[in-house]
Amino acid sequence: MRPSERSADTLRPVRLTRHYTRHAEGSVLVEFGDTKVICTASVEENVPSFLKGKGQGWVTAEYGMLPRSTNSRMRREAASGKQSGRTQEIQRLIGRSLRAVVDLKKLGERQIVIDCDVIQADGGTRTASITGAFVALSDAIAGLIAAGKLTESPITDHIAAVSVGVFEGQAVLDLDYPEDSACETDMNVVMTGAGHFVEVQGTAEGVPFSRSELNALLDLAEKGIRELIALQQEALQS
Amino acid sequence: MRPSERSADTLRPVRLTRHYTRHAEGSVLVEFGDTKVICTASVEENVPSFLKGKGQGWVTAEYGMLPRSTNSRMRREAASGKQSGRTQEIQRLIGRSLRAVVDLKKLGERQIVIDCDVIQADGGTRTASITGAFVALSDAIAGLIAAGKLTESPITDHIAAVSVGVFEGQAVLDLDYPEDSACETDMNVVMTGAGHFVEVQGTAEGVPFSRSELNALLDLAEKGIRELIALQQEALQS
Amino acid sequence: MRPSERSADTLRPVRLTRHYTRHAEGSVLVEFGDTKVICTASVEENVPSFLKGKGQGWVTAEYGMLPRSTNSRMRREAASGKQSGRTQEIQRLIGRSLRAVVDLKKLGERQIVIDCDVIQADGGTRTASITGAFVALSDAIAGLIAAGKLTESPITDHIAAVSVGVFEGQAVLDLDYPEDSACETDMNVVMTGAGHFVEVQGTAEGVPFSRSELNALLDLAEKGIRELIALQQEALQS
Amino acid sequence: MRPSERSADTLRPVRLTRHYTRHAEGSVLVEFGDTKVICTASVEENVPSFLKGKGQGWVTAEYGMLPRSTNSRMRREAASGKQSGRTQEIQRLIGRSLRAVVDLKKLGERQIVIDCDVIQADGGTRTASITGAFVALSDAIAGLIAAGKLTESPITDHIAAVSVGVFEGQAVLDLDYPEDSACETDMNVVMTGAGHFVEVQGTAEGVPFSRSELNALLDLAEKGIRELIALQQEALQS
Amino acid sequence: MRPSERSADTLRPVRLTRHYTRHAEGSVLVEFGDTKVICTASVEENVPSFLKGKGQGWVTAEYGMLPRSTNSRMRREAASGKQSGRTQEIQRLIGRSLRAVVDLKKLGERQIVIDCDVIQADGGTRTASITGAFVALSDAIAGLIAAGKLTESPITDHIAAVSVGVFEGQAVLDLDYPEDSACETDMNVVMTGAGHFVEVQGTAEGVPFSRSELNALLDLAEKGIRELIALQQEALQS
Amino acid sequence: MRPSERSADTLRPVRLTRHYTRHAEGSVLVEFGDTKVICTASVEENVPSFLKGKGQGWVTAEYGMLPRSTNSRMRREAASGKQSGRTQEIQRLIGRSLRAVVDLKKLGERQIVIDCDVIQADGGTRTASITGAFVALSDAIAGLIAAGKLTESPITDHIAAVSVGVFEGQAVLDLDYPEDSACETDMNVVMTGAGHFVEVQGTAEGVPFSRSELNALLDLAEKGIRELIALQQEALQS
């Protein structure tokens, strides 16, 4: 039995609240159960220096956690003077994932900066971030089209992410914190609407995992991501 | 006429939402109109090294803004590797203000860390932070009493803050961003429930201000803070 | 009785020594009793990037203390790799204060950098810095006029600063270190030759202060600043 | 045809040179073709502070590249003042991978620090690092046993790693730089001697990848890692 | 002819003003012509961690320049967040030089921190610093003896330093800035009262120098240092 | 008797291996006995900003040590976030030494960056670095001539370096680590093929040294450097 009493292949309740804050071109509060992340998409009419004059745009991401989003207070990264290795891994993952479904040439010479800030953490902050960031990005792109700055959308597909893991010997979907901190294997999967993988990151926390465990986890992830993409579509139509 | 059509001595709608996130010992969302700040109070059972063995506690604060809490995206301080001078000034102000109404000896050898994180900015983030942080601090203290770790409250009085300024020649209460960015004089006032000052920080942005303007601003601030303290009391009783 | 045996409304002996070092366009040693600060004004024929092409100049300030300017040695900020929050607050205050009496458009596209370095500290280093920096700035501007780079002075008024505080229940002028470290309320006031305020920063160190105490402190500050401005005028004419 | 004219399932020539430098308890030069990494294992008779008194040891890793190990010179991380996100990702991966085959309780309260420094890069530096580091770690452990500090080895299995990817539509083993920089999908796989996964990190660089591509890549990786482990065994027996 | 019209073997006018500031245990203003450095010696009743419990003391030094001590303003090292390579070289040199004439065991488990801060620079700041710092150190030691904390002086000899160089083909003593910036060879020599070398640092700025030039420079340096030590003795006796 | 059983005026076995790694324009492994340093020379077709448009090139150097190149592991400078004072001194010395034998105008507006990375340390890493770097620089220059980018070599002479010191009362050549850590005086000498000095850096570690000791050390250094330059010539001809 999972601590949350969910069945093995059930997501936590997921909510995507658009227009959550008012300044950003896209702003979404994403909730995977008690995990809550504010995802904003900011449009900037310039590109990083390595892309100047190359006729294409860029999508990048930054990630942070409020110091008391977690059970015990973490040190504020702005105060300690650097982002942790974990933070950098996550924000690189979010950026790569979103770029996988954006035609950067069609975006034109502009940059969209995604900020994912966790205000409450209960496991799965990176997968919630990717799932919510896609909706914020979509709103920002829609704004560019509405303003006549783009004639067609550079977005090529949906993208969403979920964690899966082996918890007490069983493959389960969408780990919450009690599962995440106790599981033997933890895998984050990022997948497109077409059902193709953009990222598969599996880590044995304790016992190494077999090929058949890997397959069971991927099956669960595919099911979960299909549901998340349906929720994204619903949110974007409302 | 003020941009928001408020009269000169009217606060913006103020809301104090307690128990906003679930991990912190005190957690409050404070809203002054469109300015929204999450204030958490974290209890730590140790003190900074300069207080070790001195038989007293400490209250300190940190402040941050989400990169897109503002109209144009600001650089993330964790990414740039340091907190700006403005951030440091504000967090020092919040800490000093709260310590003014806490008997640190009665608190015992523990520290309460206040985190004020702006999720949407429309002027007055530091005064909203102080006003909300007091409620979060009160909840954290109440928890210590409920847990039997304190027998009486070390809080000696209420504390709240508001900005006042000279906008288009008129003294006005609780500046929003359009007023803040255009005003001639900007003053932040921190006051106790007893009506005494803890901080008065007035700055001439353009034309220096006279003694009579100063007096008019202080009158407005006193009125506003009295209302804010009433709202704190109401929130803490609900 | 004050530790220095001064009466409540008496400044410490103030000296302003111009041309103190030889490289800077303006260089002043300012002494408020045992507090000694070297203030230099450096003219740079360019402006910070946020002002490029805007047809105006800039005045900014930096502040530092020699490690053993104080009673016990402080860590050197260059060695610790960052400026403290206190240092940043003070240098921002000095810069704002001086800009309040400079017509930046008349200054033209150049920058004047003020450096205030404390070689001996005995309280009031920020107010001594502002008072001395104005004289260094005036000398630098006079040099620009003499060199034919400016036809009229962009300085619109004098500016000086003093601290006041409530010490052992009494409002006193120009706190030295023994008073500063023991006072209940500490206020720094920056005022123009016309008698208008540029900054009023009052902080209750212990007991919050009343409106009437505030008024008594402001009266003292006005008296002290009028005397400081007379000393500036005298120094500039010699 | 691959640029190196290897068949799809062929590793580059792999060499493991033990005792490469003389100070470290384990020191191995690992070569995967033109990729050359010095892996050292340093035994320290203490543990990081978070493990003090917990009755277990620790294995951690750091990674670096000589500035001109690459085709164009990279900025030296010591000079730029921080390790890149990529560096941090890689060193975290190396440390996790090695810990998966070490019984930290049996290691006792000591730490083994692995340093992987790339002196020449041609793709696959992280997988070469893991493969070589295991041999350096084994030598360091053997030294502890020889010195009577350990009675039995805390190493529970071999561990090695290889990259696989989809290059010009074909799944290939052990990417060199020309393949790595042009491939559609890049996957790093870390596996134990027992054939179980410790890490699977697949990233779509261009086109997202299907489940069947994933399976083909994992098949190749398993073949390659089995060969690498045989080479480790051979090296350790010589 | 030298720019200053001195003969080749003449020092600039040297002044050593003791008790220059009031907080430090030793405080000296040293002037070599227009080069002016404040040297303070601070006694701390502890030692750096690498010497804890070793039964000996330590002498160390830090060096800085006020931003406008030079002809054009330098960036403040506290603001740029690090000390330059030049600053570090100089402060390491000052510390090593002073330790050469202090019996660290006799000093006991305490540290003396020397701060050398240049308020006006005209060449030779490091040699002036060493020469002045010795006097500040001597005063600090005398204070320890007077306070009964030491029974005999741990100082074993005088130490002083001077620069010499080849300027327009001629070996000259005590370079000022116009000579320093134009010379072919620049050498800093640190010597004891007994006439032995502690440091010899010669650098060819343009043309490499011969053995006979080296000898001529060392002859000049010996003469200059003998005069400097006489001035130290005179200052310490007054 | 020296620990290595060498006579007082004997170098350690010196090896210069060209083309050691494949990416750099010059790449040399230099060995002075057990001291091993990889020296690479990287050609960049631009100059640092302070030389833009001045019609000349630049040669600069960076230095590093692998963490376990030494007997006990050193902290990685990239991880600690800054280069030590020692590292900066050494890399500044290497750069100055090489620039002494390069006609920067003839080099044209390009920069050659030398990286010296110590993979195994046994004393004398800075002198080995200079000696090896000259060969790497020569290879890089030869490549520019071969590519038609330069018509004649800007190299004006050979340059090499060696350490000498007083060990157990005797002047000895080319200190290894056991000598270096125990010697009374340590001197690094950098000399050209013409036998002129570029740098002489002598430091008394314990007892100050006399003029006659200095002369004995310089005699040894000249002998050693003449041999090193012969080895450079041999290596460059092979």
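Per-chain numbering from 1; labels A, B, C, D, E and F assigned in written order.
The rule we apply is simple: a residue touches a chain if its C-beta (ideal position, glycine included) is under 8 Å from a C-beta of that chain, and two chains touch if they have at least 3 such contacts.
Which protein is which chain? UniProt says A, B, C, D, E, F = Ribonuclease PH.
If you're wondering where the values come from, they're calculated on a predicted model, not measured in any experiment.
Novice: Expressed in steps between touching chains, what is the minimal separation of chain D and chain F?
Specialist: The least step count works out to 1.
Novice: In this assembly, which chains make contact with chain B and also with chain E?
Specialist: Where chain B and chain E share a partner, that partner set is C.
Novice: Which chain maximises the distance between its CA centroid and that of chain C?
Specialist: Centre of mass proxy via C-alpha means gives D as farthest from chain C.
Novice: Just curious, how far off is chain D from chain C if you go by their C-alpha centres, in Å?
Specialist: Result: the chain centres lie 59 Å from each other.
Novice: Any idea how many Å lie between the Cα centroids of chain A and chain C?
Specialist: Whole-Å distance between the two chain centres: 50.
Novice: Scan chain F for residues touching two or more other chains and write them down.
Specialist: 81-82
Novice: Going by the defined touches, start at chain A, step to chain D, and keep going round the ring. Which chains appear, in sequence?
Specialist: One full turn from chain A through chain D gives A, D, F, E, C, B.
Novice: Considering the complex alone, what residue numbers of chain A touch chain D?
Specialist: 82, 85, 88-89, 91-92, 96, 100, 187, 191-192, 194-204, 207-211, 214, 218
Novice: Considering only the defined contacts, which chain E positions touch chain C in the complex?
Specialist: 21-24, 27, 34, 36, 38, 40, 42, 44, 62, 64, 66-71, 73, 76-79, 81-83, 87, 113, 115, 117, 119-121
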